[in-house]
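The data blocks that follow each hold one structure.
First chain A sits with chain B, and in the next complex the same chain sits with chain C.
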Partner chain A sequence: MSDPVGNPVNTPPNNLMPDNARFQLRGWHLALVAALVALFLLFYKGLWGDPSAIPTVLIGTTAPTFVGPDVVNGSTIDLAQYRGKVVLLNFWASWCQECRIEHENLLALYGQFRSNPDFVMMGVNYQDKLDDARHYLEVYGSPFQHVRDFKGTISIDYGVYGVPETFIIDKQGVIRHKQIGPIVGPTYTLLTDKVLPTLLQGAAAPNAS
Partner chain B sequence: MTFDLVEVGHVAVILAFMLSLVGIVAPLLGLKSRNGAWIVLGRQAVTLIFLLLAIAMGTLIYSYLARDFSVKYIAATSNSKLPLFYTVAALWGGHEGSLLLWVFILSAFCTTAVWLHWRTQPATIPYLILVESALMFGFLALIIFLSNPFERMIPAAPDGKDLNPLLQDPAMVMHPPMLYMGYVGFSIPFAFAMASLFSGRLGEEWLKVTQRWTIFAWLALTTGILMGGYWAYYELGWGGYWGWDPVENASFMPWLVGTAFLHSAMVQEKRKMFKVWNLFLIIMTFSLSLIGTFLVRSGVLTSVHSFATDPGRGVYILLFLATVMSVAFGTLIARSPKLRSPIQLDSIVSRESVFLFNNLFFLVAMFTVFLGTLYPLIIETLRNDKVTVGPPYYNAVFMPIALGLVFLMGIGPSIAWRKASLENLRKNFLIPLFVGLGFLAVAAIAGIRSPLALGGLAVVGFVASTITFDFGRLTAFWAARQRVNLAAGFLTAFAKNQRRWAGLVTHFGVLILIIGIISSTIYQTEKVVSMQVGDQLQLGPYTLLFKEIRSVTGSNWTAQEGVVEVTRGDRFVTELRPQKRIYDVSMTPTTEAAIHTINMGQLFVTMPEVTPAGATIRALINPLVLWVWGGGAIMGIGVLLNLFRPKRDGT
Partner chain C sequence: MTRLALSLGVAGVALSLAIGAVITAPGPVAWAAQVDETALDDQVREIAKTLRCAICQTENIWESQSTLAAQMRQIIRERLQQGESPEQIKAYFLSRYGDYILMKPRVRGWNWLIWAGPFVLLLIGGLLLSRTLSRWTAAPPDAGTADSLTPLNEPSRRRIEDELRSFDK
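Moving on, here comes the complex of A and B:
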């Protein structure tokens, strides 16, 4: 054998089929091409969705208002009173394991932003027994307010699939961000580094008062 | 420091990118003009690319060690408190660095292949350089224009954001390079296959030449997947090693088709059949490696491996993927008339047909995983709805196929080529069949009711005895021929027929693995209990006493550590210390499992949450879970024996 620098190598006719075999379109050719095209189209379409955010029609729309009792002391909480502030709504339940995973992070996040007068953080207690919810808050600590969604209407208005889910409402009262699942790792830093600072810097709406 | 070494790396990558164009053009000109000098130029180009990328990797690692946080990527994936060991591995802790590692391995393999096969495969070398350079071109363009790990920022970050704590783990240091070596390793047989298609030299040569490359890639991929499983097992705190996560699936699909290819290639070697099939399989294997990269790197699917979503990058990778797949499959279609094998299947009861079934089963298995992985995407596209596909789907659909494959594994190596006689079947399979049924009966009497476990044990019994028979026959044959005793015969069989011997060892490893999987998934015991200090928990025969909870500090984390004393009756077994860690910089909590091994099974304890009064303790018994890793290790030994067998003509 010679190397590529030397003379062209004589190739013995390796295939046993005659060289004049003509091309014929076969079923598997078409199937293969169709499968590839379908696959590429699917991937292409898939690129434009954010897989972890449920494509909610709510983002960009005005946050549904609600009035409900405070979990701990029963006083009335009205979302409308926080218009003009950035509100982080966190849907949770005492029976939800993932909520406990994110709880420490929620506390840390609250600690980071609590000094900002434009920031409000609120828990929405979802499909829960009042005693369990209170016990949960006693055990895990809760420096911010929690509204009790005892009829489930708030969750329905916000299209909550399951807990935990977190919504961020800007100063104009528009839902700007939605997070499904616990706020840990990169989702946590996304909120603390990008979403919240941006919205907190934003101007309040003229009709905020 | 006035002179930044990292810029040298940046320039090196840009030069490598330009050289990849030389690597594409030179062999084309060489083929056209029939002038060997162009091919030599191509060789120099790929060699230089390798050296340049080595420099790029080196400077980036140096900058990591120097904690140069003016490099965006370094600031994003490391921190001044990050231990040295992980500081180097942080290079592949994110998107940009992973891609650099990918293309670096590609260039290393390409250069090795070009020099290794230079004299023996002169007609193939130009195409090899062409195909590999085109792949490098694609990836280097992606690195330079869309995900550049050398990008700087001014002013420099005061400190880095730290490596994701979940990745700060020894298994994670080796898992991505192993996977990539597997993915990229398949690019060599792929390039040889494309060379064969382009040049029209459509014989068996490409298979013979690349056999070891295929085995090597397969070994690396298998090791990578198992390491990933081991990482998931103790670091993610699932207590399970496989969650059918999209990214796990992305590595599993090329493995399935690659395994099919590995087997199917033998049929073409021995019987010159399955020509189109083998080309299809290797193109598919490599395409799935690219699809895996696409799925992981584009953010099309959600997974525990949370990578950034970036449509621009995704569009590019998709375009690249589409180009590679269209060219590869297109050429295959264009060449298919010349690829029809003149040899027909003689009988449905033959080794050829078992191999055919093996291929079909592997492809169907791949397709079920593929469908499960992409189903959420399909539904989202068609109905704008969200669904997830979880383990129940895979357990129901994939597991029976897997058992079918294991069953074929028992038949394939022993059944005759061409047409198996009834005598052949009886001699080889009658006793194993009874052994399998015996396993089934014993298992049923022992009270096992799960159909999957029953079927699994029966199949394992069957295959174990065919493997034993096979070894027995080999041993007896060589003992008689060399007139030595059976022990010497066993060793002679190894020396004389290493490929078969090694293959059987690998198959044996698969059986061990299967038993480990069945036992540790179906017979897992799990309890999740909220405990206070002083509380006890009964888990199977073990008593877990929650003794205390205390704070401990590591180099870049603090943790709450539970101390759990395990006793069995009056006997002290061990003390387990699960942790709930908070990493200083990113403030992300992780759960560190505490594991104790008993009789090849493991007691696995995590502490998912800490309360003022105590903690939630999750305790599991995973019986025989070590068989999963042990089986994997035996498979690895088998494959290594296969890889390093002496070269002989023919096989």
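Moving on, here comes the complex of A and C:
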């Protein structure tokens, strides 16, 4: 090194840093790097997945009961009368495209389990016009009953934020499974092969009336 | 003359804003008169503002136009009329939708990280910085005294003197 005039500069000896301050890899360095990597992975993971998916808090809690009019004939449907049975509740609407996608599967699922006396399947019509809902059921078929969620109280009781959503309630009246989005592909086989057979084999609670 | 045009434009905008302000000034007054704000409306609004619309998740259910938000507001109203407290109503929505429904997450469990995390990181960063800085500025143990420094060589000394002389002039 030299200054602009060309004179050798009084180069500082390499003693600005004491020898013992030279970099050493310490435990907390590793911990810091690990923490940063973990944070990075967390952010990276956040790039994918559905940001609108709300983790449900209802699994394992008692299913809210409801009373409401049947979509087709207006008679009163009361969920409480099905205590002791496995209930599949499907929230749907006529304006919902994904509901149409899963409808065939719902019919097939009902066909598979309808002979079981412990199985009940029920649709909940969500934020819909009555005429549209009836027309939908006429066109696409509805071998099981549908309750009309007139003021959104049923849906909000079940923490529903979009359709389709499907809940499975066990014989004790506890919500055991929730599916957000259409029942297609692996979701369908999960229900038909695992969730429903397991719950249907389960005994009803002794205090079930 | 772009500058003239620009200043004319600015003046025009300012003028029209002023006129607009004068014209619309009575507007909000008339509007407020139309809205019948009862104490119940007030309470509904205060609760609805703390709850997130589950569909349009950046909005609270007071601002949201969605049907779900309207139904939720109706439920708040009915529950208030039944004599429930705002805390009970919020607890109800919380039990249905989880922490997600709150515009402001509760400070508990892992949520502590959200609130304390930035400050913890700031603290760690500050400690590291002060450590590093103190190490940089620490006096080397064998810092030279006046005697131990290499004597100035002749050309440098002459140059310094020249510079000082020219500075005096």
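What we mean here is this: the second predicted complex is superposed on the first by the 158 of 209 C-alpha atoms of A that agree within 3 Å, B and C clash if a C-alpha of one lies under 4 Å from a C-alpha of the other, contacts with A are read in each partner's own complex, and residues count from 1 in each chain.
Just so we're on the same page, a residue touches a chain if its C-beta (ideal position, glycine included) is under 8 Å from a C-beta of that chain, and two chains touch if they have at least 3 such contacts.
A quick note: this is a predicted structure, and the numbers were derived from the prediction, not measured.
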### Task
Once the structures are superposed on A, label A:Tyr188 by its partner contacts, choosing first (chain B), second (chain C), both or neither.
first
### Message
Contact-wise, after the overlay, does A:Gln127 reach chain B, chain C, both or neither (first, second, both, neither)?
### Response
second
### Message
Just to be sure I read the superposition right, which of the two partners does A:Gly152 touch: chain B = first, chain C = second, or both, or neither?
### Response
second
### Query
Which touches a greater number of chain A residues, chain B or chain C?
B
### Query
Looking at the overlay, does A:Pro117 come into contact with chain B only (first), chain C only (second), both, or neither?
neither
### Query
Touching A:Gly60, do we find chain B (first), chain C (second), both, or neither?
neither
#### Entry: Contacts of A:Val139 with chain B and chain C, given as first, second, both or neither
first
### Task
Check whether A:Gly162 is in contact with chain B, with chain C, with both or with neither, and answer first, second, both or neither.
second
### Query
In the superposed view, which residues of chain A touch chain B and also chain C?
3, 5, 8, 15-17, 21, 32, 51-52, 54-55, 161
### For the chain A and chain B complex, residues of the former touching the latter
1-6, 8-9, 11, 14-17, 19, 21-24, 26, 29, 32-33, 36, 40, 42-52, 54-55, 97, 100-101, 104-105, 108, 139-140, 161, 184-189
### Task
Spell out the residues on chain A that touch chain C in their complex, using ranges where they run on.
3, 5, 7-8, 10, 15-18, 21, 32, 51-52, 54-58, 61, 127, 151-153, 155-159, 161-162
### Interface residues, chain B side, partner chain A - complex
30, 34, 36-37, 39-40, 118-120, 122-123, 125-126, 161, 164, 166, 199-203, 205, 272, 294, 298-302, 306, 308-309, 311, 314-315, 318, 321-322, 325-326, 329, 333-334, 336-340, 342, 374, 376-378, 380-381, 384, 386, 582, 586-589, 608-609, 611-613, 616
### Query
Taking the complex as given, what residues does chain C use to touch chain A?
54-55, 57, 67-68, 71-72, 74-75, 93, 95-98, 100, 124, 135, 138, 140-142, 149-150, 153, 155-156, 159
